[in-house]
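Below: one structure, written as structure tokens.
Think of it as A, B and C in the order they're written, each chain with its own count starting at 1.
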Amino acid sequence: MSRATLLVLADGRFPAGGHAHSGGAEAAVAAGRIKDAAGLEAFCRGRLHTSGLVAAALAATAALGVDPLLLDDAADARTPSAALRTVARKLGRQMMRAARSTWPSPELDALAAVRPKGAHQPVVLGLAARSAGLGPEDAAHVAVYEAVSGPATAVVRLLSLDPFDATRVLARLAPELDRVAADAVAAARRVPDHGVDALPAASAPLLDIGAEAHAGWAVRLFAS
Amino acid sequence: MSSAVRVSVDEPGAVGAPGAGGAVASGGRDSSVDSGIRAVARIRAEVDARGVSRLPVLEGEGPLAVRRVRSSGQEARVALVGAMSAPLGGDRLTVEATAGVGARLDIGSSAATIALPGQSERPARYDVRLSVAEDAELRWLPEQLISAYGSSLRMTTRAELAPGARLLLREEQVLGRAGEEPGALTSRLTVRCDGRTLLDQELSCGPGAPGGWDGPAALAGHRALGQLVVVHPELAHSPAEPRMLGEHAALTPLAGPGLLVTAVAADALLLRRVLDEAVRLVAW
Amino acid sequence: MHLDHSHDGPAAVSADAVRPDGRRRALRIGLGGPVGSGKTATVAALCRTLRDELSLAVVTNDIYTREDAAFLLREAVLPPERITAVETGACPHTAIRDDISANLEAVEDLEDEVGPLDLVLVESGGDNLTATFSRGLVDAQVFVIDVAGGDDIPRKGGPGVTTADLLVINKTDLAPYVGSDLQRMERDAKEQRAELPVVLQSLRSEHGVTDVATWVRERLAAWTAA
């Protein structure tokens, strides 16, 4: 693998739409559940071990070359919130566009053709990593990092949080990100033998509930 | 695998608390053996020639006692009445319930189930296997699962539905008895419909759960959470409209013929209030 | 990054002139400028002027609401299915410049759902003087400033004022009330922009959006002929 290629894919400026999303942080801030850097850290930790783990496992499995449509169904079943499914497909479509421009591949083309309105973002991310010559560990790392960096960036804007505090939160979480990515890859490697049921299904109730509430707001800074 | 009686805990209202502490009876837990009880309950409903659902199989075992309940309609009704408190650490409980083609089966429980610490270091397992055949209907509406301090339980609920099957399923988890820290609880809920997984979600909380389980993304201090799942063929072509049920509960259509209500609340009572409202909204 | 890819599938195009089905896509014109300068009012006026002669649609980029889209809907300048709102996550310039994926999808969906289209207007969220559209998103861009924002804005320049394909100095009717010197604004603007055109407009006057509409028609003629 190329470490620099991984940085290109993981860069927050990779043009795949992430900047417009808070990963549920906007709803949590509005409900008073995130008030400061400590709240951000607890939020990120919860997201990392639930939807972050699931996303990383899906991405790692896609990077291994498992049928992305099976994974797309598995992602649907693991995303009970309709609002979050819509977001995941929207971001998947944006990731698909960026990936096909950056690392074109027949596998990306094939998935784009059958899911023109977007497959779940982690699945596309994993396939993008594969097209870029990266492996499941890389895909999982990008997914877990996205799971926490999105909310951190958003909370800097939402609470005018000191950006150094937010970055320290990410740095403190780094060892946990590595562990979750490793767990995700281990789960991904079980899929060829045991099917997609081997993928984690960790959920966070308030992420789902908050996403549904947020989708109904008339005034908001972030799309999710 | 034989039935067992165990010394009760002083837990009014708990499933199977038999009153004053009794002695360990024959076939019961031997405290010198570090292994829990294995018990299986089997329930099967079949529809007869007159369209009435019967219960050709109704077997309980150990802490999983089952009772037929008088039914006012054509459905078969069953209550899990629990002959002792369970599950304790190391126990392995299984409930298998099947609604045969066209049958209507309604299963509830007489009281909350309390996961308690046991002699065994191993976590308890509680597996619920629901199977709903074509044109059959299953209502699985047990009372709460309470995760008591010091307990460790791994619960799985798996529902398999044939095409045209209907399901109303409620699960409620209460973290700790009043004023008590919760035990370790992992609960996975999987609903499969016509061979496809409609819902797969797992919740872990309490000691040893991955970080952040009680934080702002997950429970944020709420001590009761619940899910209500409805599967109905009509939801395939007219999906439910997403809606909030108060501040901490949401109804959302699933990616298929179902819907899910997810709720968190400060306590079991408040949670039930929200889910009761949800049942009124969504039950067919 | 939008030049070297194939056309054999959906959702591949960026600034390409040809849609995946081989048809030439609609001309895309971006309208940017500071908050309150009259972008939405200009878009509304353009829609009213051009809707009978062209098949057109609008993408709005609101900052924290869907208000601009709601305004256009309320004013009924176009049928609702021809107006799409993109959410920008507190960063309107990112959505039109650094990460244009959501806007590209909005434009493509409009072409798929209500096309064929001649023209898509992409309105940015109100931002600062540095916000410009990516060439990967639009074929030409209009920068709208107004006299009430201070008559030194053209002199100060910035990417929007100096490089936009058309600069609109809006609300000229307000100049006497806010003490802005129109001649000075026009002179400064022309100095900053060399050959690039400048339009002074008041949407309240009878002339209204005529000059901008004329410029749009010229761009469209050039696009169609290319």
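We adopt the following convention: a residue touches a chain if its C-beta (ideal position, glycine included) is under 8 Å from a C-beta of that chain, and two chains touch if they have at least 3 such contacts.
Predicted model, so just to flag it, every value in this text is computed and none were measured.
Without subunit A, contacts among the remaining chains split them into B | C. Distance from each chain's C-alpha mean to the overall C-alpha mean is smallest for A.
Centroid distances from subunit B, each centroid being the mean of CA atoms, peak for C.
When chain pairs are compared by their number of contacting C-beta pairs, A-B comes first. Centroids built from CA atoms put subunit B at 31 Å from subunit A.
With centres defined as mean CA coordinates, subunit C is found 57 Å away from subunit B. The set of subunit B residues touching two or more other chains is empty. For subunit A, no residue reaches two or more other chains under the stated contact definition.
Within the complex formed with subunit C, the subunit A residues making contact are 13, 15-22, 90, 93-94, 96-98, 100-102, 104, 109, 112-113, 116, 154, 157-158, 218-223.
Within the complex formed with subunit B, the subunit A residues making contact are 24, 28, 31, 33-34, 39, 42-50, 53, 73-74, 76-83, 85, 176, 196-197, 200-209, 212-213, 215-216. Every residue of subunit C that touches subunit A in the complex is listed here, in rising order: 1-2, 4-6, 8-12, 14, 63-66, 86-91, 94-95, 98-102, 104-105.
Contact residues on subunit B toward subunit A in their complex (touch as defined above): 188, 190, 196-204, 210-213, 215-220, 222, 225, 242-244, 247-256, 260, 262-264.
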